[in-house]
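Input: a single structure, listed below in C-alpha cells.
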C-alpha cells in the first residue's frame, strides 16, 4: 500500500514538474538541480526556503523532493526519476547510507551528487554539507549535563535507528554523558546497557514517525521508571510529545527535557521553562549552500578542476547550535523572518 | 455367493442434538439401480455423504467387493470407485468443461498441464454422454442439465463403479431427463451400481430395480421391482397414505395483478401481458430457460424491466424494487431458496420477521416478532426445535415454509412462487399444495412457475405456457393437459 | 459470546503477566497498575476503539474500508487548519470536519452500490487519494494546533476524575458512548437487523424488501464519520499532524481490532463489546512490551504472534468443543 501511495505521488509530482519545466523555456537553460530530503517535516520546509533563496541567489532551477514515508526504496525511486528527468546536480540526505552505496555511485556517475544533513562516506558523493551529527549529539549531551548536574537516568526517543544521523546523534549523547572519548564510529545497540558514574541511558524508544506512538512510548517510559530524570527527543516532532507526556504525568520540573530541532512547540517549551534546551541545525543553510556548491560543480565540466572547488576533506561544516532560554527569542524571530511566517 | 459390490451394515451417525442415522443397512449389487427414498430429514443425504466419504459414521461397517473399508475422505472414496453427484451442482463455474472434467486429476507433464490431451479425452467423454458442448466452453455457460451430465462424466472419467445421484433431475428439462435415464440404464448394463435418490416417484417407478426406504434415520422397508406401486412408495416414505391432490376450482374475483407491455432484459423482443384475479391460481409452464423466472423477478422488481406497467390492486409498482412491490401486496417465493429466499445463517424468528419489521417503527418490535414466530411455526407446522433454530439447518420443505410464512405476515394480495416444491418431499409437498389452495380460497391471487407438469395440473385453475420470453398460449379446464402444455412449450423448437 | 470470554481471558492473562513482572520491589510500587498508566491505556483504547467501531460498520456489510487511516489524516489536517488558520469556532470546525468525513463515506458507498465496484478497490484508491490530496493541500507542512485549542483538547487528553489520583479519560468515555449507541443500533433497531441480514446474504435481504443499497451507503457513511471523529481526537491528542504519515496504517489497527473482537470479514457477524475488547488488546500489547521489554524492536512481532496464537487457540478450542461427546 505504501509503495503504491508513494509511487502514485511520485508519478504525479513528476508529471507536474515536467509540465512546469516545459512551460518555461528560459528556465530550462539554467542548471537543473534537486534537493532530496529523507522524510517530510517542518524542518525540511525551512530547508526548502533555503533552496528557494539559493535559486534566486545563484541562478539555478531546482526541485525539492520529500519522500512521504521516509523509506529508502522510496528515495531510490525519487533518485531514478530525477535522473530520468535529466537533473544535473542532486543534494541528498541519504536514508540508509550503508546499503545505498551502489545506488549512490550510479547516481554520481550520471549527475553531480553531494550529501547534506546525513552523510554517505562510502559512496562516490563529492562532498557532505551539514553538521557532524555525532558532534551535535555531544552538544545535546552537554545540555543534559547542564540540566542534570547531579546525574540520573536518561530515556532517549528517536524516530528510528537505521539512519546515520539518528545513530550518530544518539551515540554523541551517550558518549558525552558517559564521558567517553570522541569516537564517531562507536555504536551501542538499542538495548545495550549504557551506564556511567553519574548518568545511565535507561532505554531508547523508536516510534517510526508515528506521533501517537511516540507519545505513548514517552508515557510508558514514565510509567515504567519512577526515577527517569531526563528525556531526550532526537527528532523534530518528539520534544513536544515528551512535554505532553510529562505534563500529563504531573512530573513537570522533575523530568528534564532536552530536544533536537526547532519545532514551534519545542521553542515555546523553552520559553516557558519546561524544556531545558534544544540543538538546532541550520536546514536553511543546508538548502542554500547546497545550491551554491552544486551550481559551481555543475558549471565545471573538468573533474580535476571540480575537485579544487570542493571544501577541505569533502565536508562543508554548518555547525549546530544550542538554543536555551537565553537565546531562544532571538533564534525564533530570525526563523520566522526567514520562513516568512508570522508568529 | 459372490460378495455384493457395496454393502453398508448397521450405519449410525449422530450430530449435536440429532441422531441422523440409526442402524441403517444398504446393499448395492453390480448392474443394479437402487432407488433410495424418504422424506426430507429422513437421513438420505447423510447416508449418501457417509457413502461418499464426506462423513465418517459413528457406528457400522462399509464393505466394498467383500472387503471392509474405512473412507477417510471424498477423494479416497472416489479412488475406490464411489462417486457422488451432488444435488447442488458443485462444479467450479470459472473452469472450462475440460478443466472441470479433470479437476484434481489433471493430465500433466511435470508441472505443465497437457491441455491438448485433456481436450481430446474430454471430447470422448462428452460424446459418450451425448453432451454437445466444446471442451473449451466455460462451465458457467452450460445449462443445469448439461452441468449434471458433466458431473456424471467426471465420475465416469474417475472410473466410478458406484454412482450416487442425489435428485439428479430436479433442474433438468424433459429431454435432458430422458437422456439421463438412457445413460443410467447403459451404465447399469455395464455393471455400474447406481444409487438414485429422488422425490419424483414416477421416475423411481420407471428406473429402479429395487427401492430402499428411509424414515427417521432408519430402514423403513424395501421393494423389489415387481412390487413397486405409487401407493407402496408413498407408504415407505411417510408410513401413511395421502389423499389425492386434485383441486376444486375457485370462483375468481376481480383482477389484482395486471401486467401490460412488460419487456425483460433477458428477452427484449417478447412483450408480456397478463392478469391474475382474486382467488385464482395460475400456473406458468414452459421449458427451462423460457423466461419464466425472469418474468417473476421483473414483476417483483428484483430486476428492472425494460418497459411496461405492473399494477397491483390499482397501484403501479414497476421499477421501484422488491420493497415497493411487497408494500403494494405482491411477494415472491424465489426459485433459489438458499440464496434469495432466506438468510440461512439467521434464526427462523429473524427470517420470518425480516420483511415486516420495517413497517413497525424504528425499534425492533420484539413482542410482534415472537408472536409472529410462534404463529407461523404452529400454523405452517414448521418442524423446528424452536424459533431460534438457524434456518440453514432445517430441511428443504421446512425452509420453504419459513419463506412462505415470512411473506404471509405481510398480508399479500398476490403470491408469486418460483418452483414452490423444488427439493421438497412428497409429504411436505401435499401440505404446501393444500396451503396454497386455502390461500386462494381466502382471496389471494397466486401465480406460480413449475417445471413439473403434474404440479401445474394439480394446482392451477389456468396455465400460461411460455416460450422464449413470451406467453404463447393459455390453457384451462379440459384443455389443460400434459400433452397440450408440452406441444405449446416445444412447438417451435421441435418442428 | 464464547469469543468475548476468550478475549477477556486473553486480556486478563496479559494484564496479570504485565502486572506481575512490572512490580518494583525497591519502591514497592507497580507501574503497570499505576493510575497514570491505566489512564494512558484507557485513553489509547478510546482513540483506537473509535476507529475499530468505524471499521466494523463496513465489515458487517461484508465490505472493507482501507481508507480509515487516510480519513484520519484528512480530519487531522483539516481541524487545525479550520481552528488556527481560519480561526473558526470549535463547534463549527468539528462539525465541518465531520461533514467532510461523512461525505467521503457517502462517496465510497455510492461507488460500491452504484457502480458495483469492489470495496477493496474503492477504499484502497481512497487511501492514496485523500492522503495525496492532503499532502498537496498542506504543502507538506505540519498542521499544528499550537495553543489555539487548549479547551477543545479536553476531548482527547482530558479526564473525568473519579478519585484524587485516577480519572476516566474522555476518549474512553466517548468510546463507551459510541459503543453503547452502536450496540443499540445493531441489536435493537430494524436498521441494525437489516444491516446484519444484508451482511449475511445481500440477495436474500433484497428479496425480502430490505433497501440494501441505501443501507450499504449508510454503513460507509457511519464508518468514515467515525474515522473522521477519530482523526479529530488523534490530532487533539498529539497537537499536530503531518499529512504524509498521520494515521498511516491505522486502518489496519482498526480492522485488526474489529476482527480480533469477532467481526467476521464475510459479514453479518459480530458484537460491539468484542470490538472494544479487540481494540483494547491491540493497545495493551505494545504497553506490555514497553514496560517489560529491553527495547521495542520486537513490538510488531510480539503483537502479531500473540494475536495469531490467540486465534489458533480459539479455533482449536472451538473444534474441541464441537467434538466433545454429548449425552
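Order of writing sets the labels: A, B and C. Residues in every chain begin at 1.
The working rule: a contact is a pair of C-beta atoms (placed from the backbone, for glycine too) under 8 Å apart; a residue touches a chain by one contact, two chains touch by 3 or more.
Keep in mind that what you see is a predicted model, and the values were worked out from it rather than measured.
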Neighbouring chains shared between chain A and chain C, ordered by label: none
Chain nearest the overall C-alpha centroid of the shown protein atoms: C
Distance from the mean Cα position of chain C to that of chain A, given in whole angstrom: 33
Chain centre separation in whole Å, for chain B relative to chain A (CA means): 71
Inter-chain centre distance, chain B versus chain C - centres from mean C-alpha coordinates, in Å: 45
Contacting residues of chain C [partner chain B, same complex]: 188-194, 196-197, 200-201, 203-211, 268-269, 322, 326
Residues on chain A engaged by chain C in the complex (per definition of touch): 1-2, 4-5, 8-9, 12, 39-42, 44-45, 66, 68-70, 190-191, 203-206, 209-217, 219-226, 237, 240-241, 244, 248-249, 264-265, 268
Chain B residues within the chain C interface of the complex: 16-17, 300, 302, 321-323, 325-327, 332, 334, 339-346, 350, 353-355, 357-358, 360-364, 406
Chain A partner contacts - residues on chain C that touch it in the complex: 22, 24, 27, 29, 31-32, 34, 36-37, 39-40, 44, 47, 66, 124, 127-128, 131-132, 135, 139-142, 144, 146-147, 157, 234, 237-246, 248-249, 286-287, 290-291, 294-297
